[in-house]
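Both of the next two complexes hold subunit A, though its partner changes from subunit B to subunit C.
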Partner chain A sequence: MTLTDFKYGDVIHRCFRCGYCKFPINWMDVNNCPAYARFRMETYSCGGRLWLTRAWLDGEIEWSDHLADILYSCTACKNCEVKCPLSFNIDILNMMVAAKGEMVERGEIPSAVKDFLENIQRQGNPYGTSRTKRGDWMEGTGIEEYQGQEFLYYVGCVGSYDTRGQQTARVLGKVLQKAGVSFGVLGNDENCDGNEVKNLGEETLFEMLAEENVAQFRGLGVQKVVTLSPHSYNAIKNDYPGFNGDFDVLHYTQLLQGLIRNGGLDVSGGYNATVTYHDPCFLGRWNEEYDAPRAVLRAIPGVRLIEMARNRNGALCCGGGGGNFYIDLLGGSEDSPARRRVREACETGANILAVACPNCLTMLEDAVKAEGLEDKLAVKDIAEIVGEACGIK
Partner chain B sequence: MDIVACIKRVPDTSEADIIKISPSQKDIEKDRLVFKINDWDEYVLEAAVQLKEKLGGTLTAVTVGPKDWDEVLRRALAMGADSAIRVDQDVSAEDPYAVAIILEKVIRKLSYALVLFGAQSEDFGSGQLGAMVAEMLGIPHATLVTGLEAEEKKVHVKRELEAGTLQSYTIELPALLTIHTGINQPRYISLGGIRRAMQKELQVMSLSDLDLSLEALTPMVRLEKLELPPKGKQAELITGAPEEAAGQLAKILKDAGIF
Partner chain C sequence: MDSVYQALVDIVGQEHVSNRPEELFIYSYDLGTTEPHRPDYAVTPRTTEEIQEIVRLANREKVPVVPLGGGLSLAGLAVPFKGGITLDLKRMDSILEVNEKARYALVECGVSQGQLTSYLERNYPHLTHSEPGAPPTATIAGNVAIHGQGDIAQPYGFNSDMVNGLEIVLPTGEVCKFGSCSIGSGWFTLHPLPDVGLFLGWSGTTGIITKVSIRLFPGRRIRGVGQFVVEDEELVPEIMYKLSHTQMTEDIIAFSQAIPPFASGLQHFTINIAADSEKELEFKQEMVWDDTLGEYIRSGAGGFLGFRSGLQRPQVSKTSDWRKGGGFEYVGSIMPVDTYPECYRRGREISERHEIPYTVLGRCVGTAHAMMFSWTYAFNRADPETMKQAREALHETDDLVLELGGTIWKPGLYGQKLVMERLDPNTLNLMKKIKQMLDPNGIMNPGNWEVS
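What follows is the complex of A and B.
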């Protein structure tokens, strides 16, 4: 492909690298692009990547492992899109995904991305663990398989396979049971939602996953979906309608907000902690849901909610998006976005860093350990905090 | 340079605990497994495609197996193979010699300067097939190839021996090589690429097309029984929550004086 064949070939030159894509809420610093924060080089910012993409497609530079690493270090957190002041900002992240798509078609992608995508092709999850183990997380919980209940509880890959994610998936299941929500899960028959696959540029694989999932949901008569992960929420809410999949989808914090408000979930057991909340990109910037998680936390007696300086659409990504919770191109440094983020959380004086995404949970919990902050700060999913507040062990 | 690449489909057995022996004790239970291209064969295809990109010529991918095995040929076609041949014969119960008889017949029908095999297969792992076929074709071969440079009439290869020792050879073509993992970095095959490869022709041959019959596939070795290795008495399986298990492991290592 040449620049003229590139879908965004006629606009990509319009980025003049003003640098706004790196800002948080204001001019407080320039480290809100997670890849730029990690490497502190212009090439790793959105503007830098756009210039590199243009040079690559124009034949001015050759493809290299390094170029692929730079493009794939984009976590698709959408900070650039939200902060870019130009009218073409709606497409700057799409340009990055399209450039990754070109690398996918050429087969020239980082080996960890290759493993990620091949594992999903084979086993329906990025870890390459057998499909026959996808439902292991629910063992002993009494959670039912989906058979026409009101909600399909879609767990996602991290909640199904990652040890820490599984704990959260179980707690949320128990919270929903306690609230008397009619729900079921797909167990071993659940497949990857494809959200990361799309952002890694493997469009055809994403389409296949979306088509298969929509067909499965419709075949089972699913109308309402509640998700553990904001990544699943984003794909099902925003992409599946394009595949005839119009479902009423909620992130679990939205469902819990309603349940608590209506008295359907008793959280009077409380949770005594100073809590700061980290906005997950795929709930926050991607879907502008900033209030439901905070409302849930505020409704719990004993929770003192304080904000980090970067919050809502100015939140710093944990560095786990765009498959980076697995491909890990941003790890290995005290400048890794997850480590920056937990230091920021610690500075607020909070003793609990609350998250609403299993990817953020694993990224930030690892960062707390790497920073040696275990005695000051614990990372908890909001489902776990609610679980404790309603007496679930 | 015309190249023939022989590849196979294997079960994804990356997790040992999902492997179960079938009641016949001659096979594993396959209904819970997913299948993929043999790991070594991915490197075979990458090596073949790189040679084709550099030197031109044709690349033909060959496999012997039932219809499901088309999927590895589709990958080969997506990767850059010009044509693909599947011999429609289930050889999962046969020994390498029987498969070699079939492949020799197929390869003799094709134009080739170089024949490439994986150094071994992930499932049975005999590592014999390439060498057998080379002998049958009467051409020189090198096994366990970890380095490959080709010219018009010869190839320079490196073989990996014990303790990382490398042997270098120059081999006149035509020749057969069995390729080791790590020789290159196999490219990603996109699903779009595989779907586009569905348009390419895939030739299916029967044993009779090759003037062969089942009787001709005289095995040299017969499989008697498959069994899972007994659990070693020396192994201690640490169970429990990750935090507790890590603590136990640390204690064991500390008690053993390792750190």
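What follows is the complex of A and C.
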């Protein structure tokens, strides 16, 4: 493909590299693009990536491993789209995804991305763990398989396979049981939602996953879905309708907000902590849901909710999006976005960093360890905090 | 193994130095029309000591060093014309001190305008700094180094006049401090020590600013912008003069542009007024709109378009997308205020000759002691012909500035040549001597301000 054939060939030159995209909403620093925060070379800024993409497609520079790393270091956090004041801002991420797509097409992608995609093709998850183990997380919980209940509880890959993610998936299941929600899960029959696959530029694989999932959901008569992960929520809400998959989908914090408000979930057990909340990109900037997680936290007696300076649509991404929770192009440094984020959380004086995404949970918990902050700050999913507040051990 | 590369890695660490094509490509470009030139290395130091070591290395190896702040001069001032090391200074981004009572901020050289604005708003809302019209990634140090001006230029003048102290790495690697900080006192004044002002306006050819103390000013509780319009450009100088006489404004800008077409040919004013109370605001508004501009309104020569409380800071600009082409460059100049009408007319002619919608702007600096007048030329980055047209228009405008009796602000290579051709020979010779003394190996940002 040349620049002329590139879908965004008539747009990509419009980036001036003014750098608005590096800032959070309140301009407090230039480190709100996770990749730029990590490397601080202009190549890793949003504008740098766009200029490099154009130069690559125009033959000014050759493809290289380094170029691929630069493009794949984009976490698809959407900070650039929020901050860019120009009318083409809605296409910034699309341009990145299309460039990654071209790399996929040519087979010129980082080896970790290749592994990620191959594992999903083979096993339906990025870890390469057997499909037959996908439902192991629910052992001993009494959670039922989906058989026409009101909600399909869609867990996602991280909740199904990552040890910490599994804990959260279990707690959320128990909370839903306690609230008397009619729900079931797919267990070993659940497949990857494809959200990261799409953002990694593997459009064909994404289409296949979306079609399969939609067919499966429809075949089972699913009408309502509640997700553990904002990534799943985003794919099912925004992409699946394009595959005839119109489901009433909620992120679990939205469901819990309603349950607590209507008296369907008793959180009077409380949770005594000073809590700061980290907005996940795929719940926040992608879907503009900033209030439900905070409403849940505020409803719990004992929770003192304080905000980090960068919050809501100005939040710093944990660095795990765009597959980076697995391909890990942003790790290994005190400048890694997750480590910057936990330092920021610690500065608030909070002792709990609350998240609403299993990817954020694993990224930020690892960062707390790397920063040696274990005695000051613990990372908890909101489901876990709610679980404690309603007496679930 | 490239020995310079390895030495740079030893100084700043592998992640902060690159000789790979991707970084060399990105750092070869200015955002304006200047032709790209590739550096040999891109380096992002974190400390003054690292910069010292890099400069010493560059002297040993006779490798050029090009300091880069926000990279927004648009005049190609940080393009590595002779290769070498591009020093991206933005990792040095700590706000080191805000002295509330002495009203100054001490910042590292990579601190951005947006960062300081946000910091002051959150922590010292009663203090403000003079924020230029550039995107907020522009750095404080880079802006004072090019004699920038900002949104309180009317009462307080150039940003470079607000410098209280500097820390500089000289081209030979020594660190020097200037101002009260140099005798171990605070960073509260540049005066009254002997003047060695060798670093502002030199485009990084005499040293690298690593710290700057910048004056802060009262940040009023209410800040807003009023708009006023006249049809006759000849009225602009006297209006600017009268407005500055009131000492009631923070910023006075007159501008005219071809888009939207219905407003083409009109001269618009934006007049910033600030106050700590409604009573003060009312008084200032009365002084400005009634007592000063009332005569124009009553005679029908001018129109008041309204006053809006709240100031967008940092200012968000969409100039680069005017032609949906991702590019623009402007000639900035420091001009006598009474040249406004001619600047407008002649600039409009240049734009129309090159088929570029015209945009001109004059910002009052001080009590109308001068104005920064700019002519902006948008281009389409994907269309080399429009870039060529813009470049030609820019060069014609550089010529115009000098013809009209002004000075070019932060000139690129073409403008520098024009200025040096007109410079007093003794002054030029002094510049040459200073440069040779400070930078014996000619490593600092070569190509810029080279006296033959």
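Here is the rule we use: the second predicted complex is superposed on the first by the 393 of 393 C-alpha atoms of A that agree within 3 Å, B and C clash if a C-alpha of one lies under 4 Å from a C-alpha of the other, contacts with A are read in each partner's own complex, and residues count from 1 in each chain.
Just so it is clear, a contact is a pair of C-beta atoms (placed from the backbone, for glycine too) under 8 Å apart; a residue touches a chain by one contact, two chains touch by 3 or more.
This is a predicted model, so every value here is computed, not measured.
> Quick one: classify A:145 as touching subunit B (first), subunit C (second), both or neither.
Once the two structures are laid over each other on A, A:145 reaches no partner at all.
> Would you check which partner chain A:20 touches, where first means subunit B only, second means subunit C only, and both and neither mean what they say?
The answer is second: A:20 touches subunit C but not subunit B.
> Would you check which partner chain A:328 touches, where first means subunit B only, second means subunit C only, and both and neither mean what they say?
It touches nothing on subunit B or subunit C.
> Once the structures are superposed on A, label A:189 by its partner contacts, choosing first (subunit B), second (subunit C), both or neither.
neither
> With both complexes overlaid on chain A, does A:132 touch subunit B (first), subunit C (second), both or neither?
In the superposed model, A:132 contacts subunit B only, not subunit C.
> Which of the two partners, first being subunit B and second being subunit C, lies in contact with A:28: first, second, both, or neither?
In the superposed model, A:28 contacts subunit C only, not subunit B.
> Please determine whether it is subunit B or subunit C that touches the greater number of subunit A residues.
When the residues of subunit A touched by each partner are counted, C comes out ahead.
> Report for A:85: first if it touches subunit B alone, second if subunit C alone, otherwise both or neither.
Second partner only.
> Which subunit A residues contact subunit B in one complex and subunit C in the other?
none
> Report the residues of subunit A in contact with subunit B in the complex, numbered from low to high.
104-109, 111, 113-114, 117-118, 121-123, 128-133, 163, 202-205, 208
> Could you please specify the touching residues of subunit B with respect to subunit A in the complex?
Against subunit A, the touching part of subunit B is residues 12, 14-15, 18, 32, 34, 36, 79, 185-193, 195, 242.
> For a test of understanding, state which residues of subunit C touch subunit A in their complex under the given definition.
Checking each residue of subunit C against subunit A gives 15-16, 18, 20-23, 25-27, 29, 31, 42, 44, 70-72, 88, 90-91, 93, 112, 114-115, 117-119, 122, 135-137, 314, 316-318, 320-321, 324-328, 380-382.
> So in the complex, the part of subunit A that touches subunit C is made up of which residues?
Those in contact with subunit C are residues 10, 13-20, 22-23, 26-30, 39-43, 48, 51-52, 55, 60-62, 64, 66-67, 70, 85-88, 309, 333.
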